[in-house]
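What follows is a set of structures to go through.
Two complexes are shown next, each including subunit A; its partner changes from subunit B in the first to subunit C in the second.
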Partner chain A sequence: MNNSLRQKLEATFKDIQVSIPEDSKITITAESDSVPAILRFLKDAGFDHLALLSAVDWIEDDCFELCFILTSYMQNDDEVTGRQRLHIILKTRIPREKPQFKTVIGIFPNAEPYEREIHELFGINFEGHPRLTPLLLEREYEIPPFRKDFDTRKYVKDLFDNIPFVEIEEK
Partner chain B sequence: MDRNQITKWLKAPAKMANKYSLHAIYFCTGCGIIEIPPVITSRWDAERFGVIPVATPRQANLFLITGYVSVKTLRAIIRTYEQMPEPKYTVGFGSCPINGGMYWDSYNTIKHLDKYIPIDGWIAGCMPRPEAIFIAVTHLWTLIDKDMANGYIRYRENYKSYRRNQELALGKLEWPPLFPVSNESQGNVQ
Partner chain C sequence: MRELELYFGPQHLGMVGNFSITLKVEGDRILEAQANPGYLHRGFEKLMEYRTWIQNFPMVCRINVVEPDSMEMIYAMAVEKLAGIEVPERANYVRSIYLELARVGSHLFGLWAYANMLGFDTVAQWAMYHRDLVLDLFEELTGGRVYHIYIWPGGVRRDFPPGFKEKVVNTLHSIGGCVPDYDATFFNNRLFYERANGIGKITQEQAKQWGATGQTLRATGMPYDIRKAEPYAAYDKVDWDVPTREDGDAYSRVWVIRDEMIESVHMIFKLLDVMPEGSVYNRVPNPFKWKIPKGEAYVRCESSRGELGLYMVSNGDDKPYRVHFRTPSYPNGLIILEKLLKNASIADVGNIMISLYVVAPEIDR
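Presenting the complex of A and B:
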């Protein structure tokens, strides 16, 4: 199944690299423009569950990497042989100066909270997302806190360490 | 009832009643809450010590902070603490409320919880065993006996400082002060 899917993918899409690091995993690296088409193709091929959408900050390469993990509801882990169900890992890179990406809610509706989270923690803007409002954080940050150039120790020093202990008045 | 304590009961019955009926608010923060179900159920049975969980802060007088406190949780903790009737006792559970623990450089975790609400006792460890909760409860009994578990009195007397720290961490608070913070604003308190 792995190899037939790989051939199908490589025949349908140009400019993608497909590799099979393990038996139950397929990694696809693609350009950001072709991601919605690949997702739609994979959904039609039976991978109907977006298990995770996350982001990585590659500050040395000056880009963010979005990582979609897809799997299928209809497959199960094989208990006899111990083989896991097939996971597809789709990676794409977007530039750090202009972190823009098109929302994939139209294809996988459950991407909505993931995109809100990434917008909040990495500052990546998802075009077409209905509500990019704060989800987890309580205050505004100058740099989104999951970016690598966010200095947590300086932030802790400036905010939490500057709050004084309560001095108890002795009677 | 222990016959040795009968003089204590006659001297300060209210204090003894508080001491042996600690109602812990069922408030979950962080990972420490995973220790609470075995503590209150049959394996360790906290009711031997008079500790039972209750659902609302209005019925509680013991507040267990069971793990790291994020900035958003701090808001809920303050609101819960202020709703509890006096006398009330707070116990920080695990190393994270003490000084941040393994989240000492996290952008969103409160480092010293006693800057924001008064704490009567700490249980160190990551995680503390359920037995540590009972040791803490017996220590709390001693403190109540000696009038040293006075966190709620400290809160009342130093409310201005606590409120200032809460506002530094959380920005503007949307609820009015529990106690008057200054003479001018006394008339505005609702």
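Presenting the complex of A and C:
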């Protein structure tokens, strides 16, 4: 099944690289513009569960990598097939300067909180997202905190070392 | 009628855990709900980038307070996959037994929360007592009651102590002996049925669309379980069933949880019977000097709430480059909860939330 899917993908989309590093795993690397079309294609091919949407900051290559992990629910209600074992990792790179990406909520509605989280932690803007409001964090940060150039230890030192000591008087 | 904004949690009697929901209500009816996570955000994924592979082990289990064991398992699985470490046969069985014990403990804790919230205090106290018996087993096996740090890459930390097998069997028999009491006072109780039937109803199509896994999905009739779909540890070595229900409401979800507990107990008995002898730990190179080859891995396991996944990237260094946990409560608490609360009544907010099995620390990480 892996190979037939690979052939179909390569026939439909021109600028993608498909690799099968393991038996039950397919990795697809694509340009960011063609990602929605690929996601739609994969969803129609039965990969209807977006398990995770993640981002990686490759600071040395000066880009962010968005990573969609797709698996499939059961089609008939009572049997597990080899299909449920398979998972697809779809990766795309976007530039670190002014990172923009088109929202995929229209294809996978459960991407909504993931995109919100990535917007907050990496500063990637998802065009067309209905509410990119803060999700987990409490303070404002100059650099989004999950980027590699944000130094957690320095931030903690700057924040908490500036709190003055309180003199407690002896009674 | 006038529209009001109502803050439900984190300081609210109906709220279990560090989580809050902003409700827009008109009378008793909810017009709109907004989930607010983040009260327990500790930035684990970022902190893990600063620590070596082995230093992260005591940390991952703290992500989910209620069920730390699946977190250990998934981290060990990811490290083993990236580093190519083999696990001995007996360790796989020990892992499965340990994870099923954790599932029973976690479900009992969930039952405590649910029964307590609905006012069934007696059942809640029983569940807490029985969970404590499971924790006693963990204490004997690992030395810790809540956080165990037991599963390591290459196996588990130590073998079963002498007489442990009998203790597991005795404890599970004494918990199982109370199932008729639980049924009579809680699961088959008319009061509970009236309170939970038809509440928070979700169809299979909606569940798939919103990324549900675990009980939320299985209560709609789909026997989707990672332990069957992509077996890990020793789950493919014994025969067991995936309990399902058809209705998709709170009542069905709680029954799935009950049936799952019983199935887990049976599975532990079967695994104990066929468990091979041998070592439980493969010697690995000095963990303090690990450099794990470049690569990425997505691994998943079935925690007591659904699909728990871990996406891990290594750039060949002594620390992980990026880790991202896919926790089952994330879609449950942030999407499904908001959708189901629309048009519900205020009295059912806690009911719906706990029946979806939302655990706040898992969402926040």
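Simple rule for what comes next: the second predicted complex is superposed on the first by the 156 of 171 C-alpha atoms of A that agree within 3 Å, B and C clash if a C-alpha of one lies under 4 Å from a C-alpha of the other, contacts with A are read in each partner's own complex, and residues count from 1 in each chain.
As a convention for this text, a residue touches a chain if its C-beta (ideal position, glycine included) is under 8 Å from a C-beta of that chain, and two chains touch if they have at least 3 such contacts.
Note that the structure is predicted; figures quoted are calculated from it, not measured.
Undergrad: Which partner chains sit in contact with A:Phe41 here, subunit B, subunit C, both or neither? Use first/second/both/neither.
TA: neither
Undergrad: Which partner does A:Phe13 contact after superposing on A: first (subunit B), second (subunit C), both, neither?
TA: Touch status of A:Phe13: no partner.
Undergrad: Would you check which partner chain A:Asp161 touches, where first means subunit B only, second means subunit C only, and both and neither mean what they say?
TA: first
Undergrad: Between subunit B and subunit C, whom does A:Gln84 touch in the aligned arrangement: first, second, both, or neither?
TA: So A:Gln84 only meets subunit C here.
Undergrad: Is A:Glu169 in contact with subunit B, with subunit C, with both, or with neither (first, second, both, neither)?
TA: In the superposition, A:Glu169 touches subunit B alone.
Undergrad: Would you mind checking which one, subunit B or subunit C, touches more residues on subunit A?
TA: On the superposition, C touches more of the residues of subunit A.
Undergrad: For A:Pro145, select first, second, both or neither according to whether it touches subunit B, subunit C, the two together, or no partner.
TA: A:Pro145: touches subunit B and subunit C.
Undergrad: Please indicate which partner A:Asn110 is in contact with in the superposed arrangement: first for subunit B, second for subunit C, both, or neither.
TA: The answer is second: A:Asn110 touches subunit C but not subunit B.
Undergrad: Could you look at A:Leu50 and tell me whether it touches subunit B, subunit C, both or neither (first, second, both, neither)?
TA: In the superposition, A:Leu50 touches subunit C alone.
Undergrad: Could you tell me which stretches of subunit A are touched by subunit B in one complex and by subunit C in the other?
TA: Comparing the two interfaces on subunit A, one with subunit B and one with subunit C, the shared residues are 136-138, 145, 152-153.
Undergrad: Enumerate the contact residues on subunit A facing subunit C in the complex.
TA: Interface residues on subunit A, with respect to subunit C: 24-25, 48-52, 54, 56-57, 67, 69, 71, 73-74, 77-78, 80, 84-85, 87, 89, 108-110, 112-113, 134-138, 145-146, 152-153.
Undergrad: Contact residues on subunit B for subunit A in the complex?
TA: Result: residues 70-72, 75, 100, 104-108, 110-112, 114-115, 118, 154, 157-158, 161-162, 165, 168-171 of subunit B touch subunit A.
Undergrad: Subunit A touches which residues of subunit C in the complex?
TA: So the residues of subunit C in touch with subunit A come to 37-38, 41, 43, 45-47, 50, 208-211, 217, 221-224, 228-230, 296, 298, 300, 307, 309, 311, 313, 321-322, 324, 326, 330-331, 334-335, 364.
Undergrad: Any idea which subunit A residues touch subunit B in the complex?
TA: Those in contact with subunit B are residues 136-139, 141, 145, 150, 152-153, 155-156, 159-169.
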